[in-house]
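Each structure below is given as structure tokens.
Note that subunit A is present in both complexes that follow, paired respectively with subunit B and with subunit C.
== the complex of A and B ==
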């Protein structure tokens, strides 16, 4: 582990430098990695220009601006790229990787780089060049009968949805929040989640094409058969199943990915169950658990707190102008005024008229007995929050949650803190209390939601702050670090984390885990060309 | 690849030797691996005896007999262990692995070694010591609310089922065929499949404890958190998802595994849809595909051919005494006499009375319109084949399929050949024709079934022969090899294969796939201690 610690220390050293550099000149190009001379870097840029064309290599402050935007706290501005290159094909990616290997320049691959709240296009450490795959945006295949698709990384959810609609294909997509601009490939590689029964994206992924650090191409699963027929249909292939290794990792660059799409059901019926009190959290989770574990409710139930809901469409000062934290009673009252509960759990049923009715009559009494108020479209009418989830739970797209970034001001600050715990009311209550206490200490609100996946409970805290307020920006970073550490100690590890806090998150998961990842990294990418620091992994 | 080819050539050399040795003396202990002296092997045995006790190390012909039994063709008797050691705890496994590393002796881990038709406890190459984990048979945890379990490798399906029944826990297991004696951990590591909605076993696996080649222990996923709470509840953890790497592989020895169990539904209703003609295969698959892809039918549909069905309970000579292949018309007639179709597709609905009824009324007309006859328990009464699947589709246990091994005689010969193809009628027809032609050439019957998983079509051919007939044994091996090669060329790769044919199967999946697996093997097990040749992977 000493090697990892050394790397991290070096990284932090460079980070401090980067911070001062950026505030001085904002010329990211100055942050060269160790062992790379300015001459080497210029040679690499020249080689890349010859591969992708002048206009697709970015190495100055002005053209790099689109890659600088981030909502996550990064007060020392460490997560800053020094350049970017945007290939259009697999062959161009291979050639770019070979050049990177020759000069020892790390590449940070992004699909569309719109990962709002997890760092967008920003790399985990300074001195990296963004490998921007947005131009590789072909929908290579949609198999209507099987419900499979093969996509390049630059394809957006909107593009895929449009393709299905335009071709009258009765398949649904499953979107994460801010779906229109995000990439199915990128989101799945980060193990993102959505709102339909296909919400656990990596579960419904099938087949990858991966460029390795030496520029060679691996097709996973059945894709490695010379005359493959089931690359996007059969997940595992023969021998070790390797796709998982390429998620949340820096072991290769994924250039194609297969996904499964959900057949559009004849009937779709969305619901919300509202609980009036903030303290209802335990009874809500206890009531929903059996419905989810049994798949009676087939989609990932999002249990949205009132503060999170309100922050989508309102500013904090519209809700509360008192001192300190927003009191629970106040929040409950404002929620009620807006047709919301303190907790609002959205779920849906999918099937035929009769099968949906049959399940509804089982689900409703369970939730009602727990003190929830169950509503469907008839009662919720045009309630904007219901409308939002009503769209999402059928693979519809919207940008409503972008509003979260303005809760505390115009500076645009958002970081997801998302620990995973057991699906029990007691555990959720403990987690909520701990998160609230830590956030409060830093003057931040507990704006949270919960999601029950297959067997896990995700606690999704939106850490909302104003990035233009330098003090608050620093506090947000400190707060985030304390959250990761304090939750980690108690066995609540995060399922995903923003680029600025990947190293910290990895520290929670024990030394052996890191050693094995490092062993794999050294075997697959001995020069450390691909995304050093991704998920805390260095070569 | 030259290194792999060299290894394979060496292996075959030793195999020929082994064959002659075994037919002469049957003393497997004589087959030492390259670079291991008799003295080293004796030292290792001594060290292992001090770890597990005298009685749990097996190194002579008599005590090794239980590890010699196999149904797969292996005419040169290459897949023969030279010894076996049976630890009782994680710590003993670690100590055994360290001794193996010291003396360079390969270990072939088995859970219960009852993998009928895939090689049982036999290793892929000679000169290996079986690491028999059957004594590690603790059910470490069953979480009733979440439907999760944590098991050691020696736990059998029967044992887990008994535990649930005795403790009145309303959770179901999902069994493969010959479930009672098989191990959930072993079957999942081989990526076996079953009959309920949880039939894709690896999909419902969550968390592993793995002993690495250096004797260190890795816990995957959330299990690596120091105070983990969701090891068996959240599959992915943080950073690269590694569990898949340890399936069908030799990268580590799995000593604990988490599984998800299915909540017992209020209503379970099994069905069969029979198609009368052998040539109905395409219409059957076309009819069932949309029902499976949409999850209207939630379990893995097994479409059993009449010959496969009959072979479970009858001998070939009871069915047919003519020359050559059994004619289709004859098979159809015998099937009808036994209350079977030429194809018999078993599926079930799970839910409430109303929801099951709602889905039944959608499913029935689709199948009837395709020419199928749909029957439920009322019509099938005590039909033994229906009874068999009626049990399996609710996680019930039986050994009915052991009968397959006696179809051609008392010698006990069975090898599964299981290629994966697209779920289309045309593809299935082509595959069936090719398999029938190759089998016929070697005087063997086409006794097959099909299964639609999530998006894939498994073609499950039971290659049935009489192992006591030396000529037929050789023909079965040659036939199996031709099947793997001819199907592989056409893009129909196997999902799983017996120990004697792992190298051959791996050859179908392309050079890059093998290179990457070898790179990983060398990184994680540089001395090649764990199961050389598993899935065609050598260090």
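== the complex of A and C ==
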């Protein structure tokens, strides 16, 4: 079968959708793959029940309900699992994978399935069984001296944080925005980002245990040595560096992962620099870049637009009841009324009292000279947005950004569109203009933030819509597709994408890129049983 | 040396000790917890981040029916995430629903 046919066989693309859904046979309210009979599936379910126990296999509509939840636009409801199985050990994962291989049933692994605007536990194509790794929730090791940890996929940031606090271990975690319920392993494998100096999560990953499609186990890096001593301390191992191949991919199932934890500094001082005008975006970024590239500001700086910030705690009709887009002047006024700027960049300094004071003396004048107003706790007091970032920049936990889902109504619609560009003001201004124009065309708001990783700028557009409004749901999907295509044409590829749009995102990166991924996939997973469609990769 | 200086000195010592390798040695916690968590702990570490924090509606002190609470947790209506039995077991959810249903309003919660 050609590669295109393989993709089409898995129900890809709107044009192929109708046919694939009609031809697939229904089972428990979901769709079986075309090459899997109901009998095969029932045999697989029986085998899985014998491995994990009756209560940890889910195959009927009622018990699958929590696996169906998603915020992303998916108007044809394609990203729906047909079942779920939840192992508690490496050995159970191996056995489940062997059964999947025997019957040709694809498995979609999730750690905690709480990535919010990226599809949650939903698979990229119909006819997959969720491999729910949440029960594998052991913190296997924390090395206080080296600041390393070894975790299973079901460990949440909350669990890890609680463990460190309860054991009085002076190490910090770095969280994504939904830390309490999300997984360090899952977020790192999707190359998520956070807020402290350890905010580029994959940079601080070290060592993996991976179950391959044939059930064999690979330990990456130094982990394959007998009596290994540096699995979670030395990233590169010997020979080709493999860990990256198991991120945003479907080449294996990661069952353990090492990561580094930041020593808690004696002094932590959070700041916000506010710029009053929407048009200030370029000078804000130009001012922050040298401070970040030089590491004078050591953490991942989040530059939050006023609309994004307001959407966390308010609904759109609370701040604007006029027609069309929210005018910039109106947004600037409402932001000021709430103690916000049109742009709000949160950063922090970490170290000793002397070192923090010395760096503050360098940073403040640079930002002030660019037109920013620099504030710390003394001025911001209990401002809820400052409080939110003050927590996050020290590895604190909250779920404030779940509030984004209420912006346009009660339906809970959120999709993060996150293209990457260089850290330059000109580039950011161009991106903002393009995103605003496309979103406006579909009647949606430009609710955006920017994250400086180091040399790169993640442009995080929260596409907010009312999922209970069928027309708006369809518009949101069309809008998202146009955003991916139009940004892709101009060289702004996404750093991450929701499950419903993985194929589209992969198309932006060209056929050669896809061919290489497919070659790797066929070598490592010739039956295509691990997460077909993840990042647009098929066997 | 005043008290503030002393505190700073201690904190610095811990930090430097960590960096130089004089801290506590490796700690492992290999045992998965099979014990059900207390409802109050689940509320605090999951529900309470949104409910009563101006993100989700206040649910304590309203006498909500238990069946309604379990249904909401599993389905994740509107902007709420859905929680699977692998995250909150059926037994834990039953106890949590009783806890929420019978709780008084909590001091410090705010919002709708």
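Note that in this section the second predicted complex is superposed on the first by the 512 of 539 C-alpha atoms of A that agree within 3 Å, B and C clash if a C-alpha of one lies under 4 Å from a C-alpha of the other, contacts with A are read in each partner's own complex, and residues count from 1 in each chain.
As a convention for this text, a residue touches a chain if its C-beta (ideal position, glycine included) is under 8 Å from a C-beta of that chain, and two chains touch if they have at least 3 such contacts.
Keep in mind that this is a model prediction, so the values were computed, not measured.
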Touched partner set for A:145, first subunit B, second subunit C, both or neither:
both
Between subunit B and subunit C, whom does A:135 touch in the aligned arrangement: first, second, both, or neither?
second
Is it subunit B or subunit C that touches the larger share of residues in subunit A?
B
Return first, second, both or neither, reflecting whether A:163 touches subunit B, subunit C, both chains, or no partner chain.
second
For A:505 in the superposed arrangement: first (subunit B), second (subunit C), both or neither?
first
Counting only touches as set out at the top, which of subunit B and subunit C does A:513 meet: first, second, both, neither?
first
Go through the superposed model and pick first if A:265 touches only subunit B, second if only subunit C, both, or neither.
both
Considering only the touch criterion stated at the top, classify A:154 as touching first (subunit B), second (subunit C), both, or neither.
second
Identify the residues of subunit A that lie in both the subunit B contact region and the subunit C contact region.
145-147, 263, 265, 352
How about subunit B: which of its residues touch subunit A in the complex?
145-148, 191, 197, 202-203, 206, 212, 216-219, 222, 224-230, 232-249, 251, 260, 263, 265, 289-290, 293-295, 351-352, 354-355, 357-359, 361-362, 420-424, 427, 453-456, 488-497, 505-506, 508-510, 512-513, 516-517, 519-520, 522-524, 535-537
For subunit A, which residues are in contact with subunit C within the complex?
55-56, 58, 63, 65-69, 71, 84, 86, 88, 112-114, 116, 120-121, 132, 134-147, 154, 158, 162-163, 167, 169-171, 180-181, 263-267, 313, 352-353, 384, 397-400, 402-403, 405-406, 410-412, 414, 468
Residues on subunit C engaged by subunit A in the complex (per definition of touch):
8, 11-12, 14-15, 18-19, 21-33, 45-46, 49-50, 53-56, 74-87
